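For clarity, chains are labelled A, B and C in written order, and residue numbers in each chain start from 1.
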Amino acid sequence: MNMFRANFWLHYAGPQAFYGLAGRLWPWCAALAVALGVWGLWLGFMVAPADAQQGEGYRIIFVHVPASWMSMVIYMAMAFWSVLGLTFNTRLSGMMTRALAPTGAMFAFLSLWTGALWGKPMWGTWWVWDARLTSELILFFLYLGYIALTSAIDDQRRGDRAGALIAIVGAINVPIIYFSVKWWNTLHQGASVSLTKSPSMAQVMLWGMLLMAMCFWLYTIALVLYRVRTTILQRESHTAWVQTIVQEAA
Amino acid sequence: MTLGVSNISCVRGHKPLFAPVSFSLQAGQALHVEGDNGVGKTSLLRIICGLSPADAGEVLWNGKALNRLHPEAVEAFRATLCYMGHNLSLKDELTALENLLFDAQVAGRSLSHDTAMDALRKMGLNTRAHLPLRVLSQGQKRRTALARLSVTDAKLWVLDEPFVALDAQSLDSLCVLLASHVQQGGMLLYTSHQAVALSQPHGPAVDIRPLRLVGA
Amino acid sequence: MIWQAFCAVLRRDLLLAWRRKSEGLSAVFFFVVVAALFPLGIGPELNVLRNIAPGVLWVGALLSSMLALQRLFEADFRDGTLEQMALSPIAMPLLIGAKMLAHWLVSGLPLVLLAPVLGLQFDLSGEALVTLTFALLLGTPILSLVGGVGAALTLGVRGGGVLLSLLVLPLFVPVLVFGAGAVEAQVSGLGVQAHLSILMAMLLPALFFGPLASAFALRIALE
């Protein structure tokens, strides 16, 4: 099928077709994630030189920064699927958003903890109320709110739509939170990696972080696809094609 | 004015509630939806009003699908619709009169004090009109809710179990009211476990079409 | 017709709040209690009290709003009045906006009026009290408007109250930051204009999007 035709995408919007596609994709993503992860960690922990001021402890940024990026990217992805779901009323959108949420929450949590572990030896404190940390904490609460709301509503379709609305409202709120807290108190270092300016850190460190970021991204894709497959089987359990699969597995 | 229902089905917990339903209702017709408890009569009525989405099939108003109507057409449909569900949509702390007046205004209709009192009088509530609803009996509360019907200019009445908890006299008044509505060109859709005859005093009975919902 | 419907919903909700006095008063009472207990708990050291006052009063207002939000749609949902609003030819966001206005008049405006009185316990200066009042005047409607979305989404859901607080907490943070920040800026001599302007900038879109998003969420709840 030609990839540039609309019905290529519409075909995969159906749970059964997506189940097959996801099944073929996720092992590759997982393998690639492992490969990139090994490479990235090797660069970060073995190859990159010790920092002039922070010594060896700074190496945690190879996990911390990609985790922060992913926590934000995943939330944007949730908002994207939510908009899609509310506009086109597809069942798959709700499933994708629900599948993304736990991983996003995990990355937000990881980002907060690795930040604290980095902060203690570097600046002598586990926590500080600056713009980025506070916004990340609020983002973590947004994830928890989404997961709590969708878990509490019994009717799956209503849960999907309610979750979609809160995901979209939260997405609008994230920049507002960021700027409000930034105005309030700023301590975090300025952006070291920017699309427009050249980075102010060594090439190797940059490569390490980018590789880890791609590793996390592929890990997310693999895990989300796997999770969606399980959700599809649960939700479509009354259809013939699922019952065939269940019988074959038994 | 036509209300069309085409292969509507409703799913709860992965299983469809009732076998797909289709019918068409024109002006001057009454439809009695019957079925066992739990088969989904209330769900069907809510789908027809547009409160719940159907899991399959379409509701058509004047030939056009309800969920794809333009906003003005949706407004027009809602202006023509009067729905009464299981709960009476009445406030206990307000009086019967206040309930009627507010109700009309929220629905975008104008209702004068005198017309409202008249409607309550027809339902036998004129002495109770200025008391808060919470001191009225269940039957009196139902009559207040039904008084709404005599002051509305809606053409499509969708009523869920309207005959429950009414004494014989109120039941008669309601049947007369429903009969006159249908015979003046209105549309009536209702659920009930009781079989009732709708006729005006000394007039012909309204022909009620039955629709039986069967479990899927 | 539209204006009549708006006023009808507004008057009905105000009348109901008047006849069910205890409900409206409980949230206000909570605010008073929080503001009164803090000085008792922290001690009479005026310097400390003056420092924590903006934060304490704002958090008190926030928590009081969270409590009051649970009641915004609950009763109407249970007795079927919400369905009638959904089926009205008048646009639902308008009717919901009227409900939110009534809710603010009953649960938010009293906080605005009480805050300067309570602020005296914390030895805030006159100008600080004026700033606090004005900031609350701009901020409390935002809490009603934006919190309404959370209230609508958690209608009839298990664990409603706690879930509602979790959902609206991230949405309230910017209001808290700028609201309390305005008073702190006044006390420390920096201008309050920036903070108050931002509060206004948050209020205006909330006036438009709050009822819209809430009406959408309510239709989901009514399905």
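We take it that a contact is a pair of C-beta atoms (placed from the backbone, for glycine too) under 8 Å apart; a residue touches a chain by one contact, two chains touch by 3 or more.
Note that the structure is predicted; figures quoted are calculated from it, not measured.
Each chain gets a centre from its C-alpha atoms; the one nearest the centre of all protein C-alpha atoms is C.
Taking the mean Cα position of each chain as its centre, B sits at the greatest distance from chain A.
One simple way to say how far apart two chains are is to compare their mean CA positions; for chain A and chain B this gives 49 Å. Averaged C-alpha coordinates put the centre of chain B at 37 Å from the centre of chain C. The mean-CA centres of chain A and chain C are about 33 angstrom from one another, to the nearest whole unit.
Among all residues of chain C, those that touch two or more other chains are 223. For chain A, no residue reaches two or more other chains under the stated contact definition. Chain contact summary for the complex, chain C toward chain B: residues 1-2, 4-5, 7-9, 11-12, 15-16, 19-20, 78-81, 83-90, 95, 222-223. Chain A makes touch with chain C in their complex at residues 134, 138-139, 141-142, 144-145, 148-149, 152-153, 155, 157-158, 161-162, 165-166, 169-170, 173, 176-177, 180-181, 183-184. If you check the complex, the residues on chain A that touch chain B are 237-238. For chain B in complex with chain C, the residues that touch the partner chain are 49-53, 75-76, 78-79, 81, 83, 85-94, 98, 102-103, 105-108, 110, 132. On the chain B side of its complex with chain A, the touching residues are 14-15.
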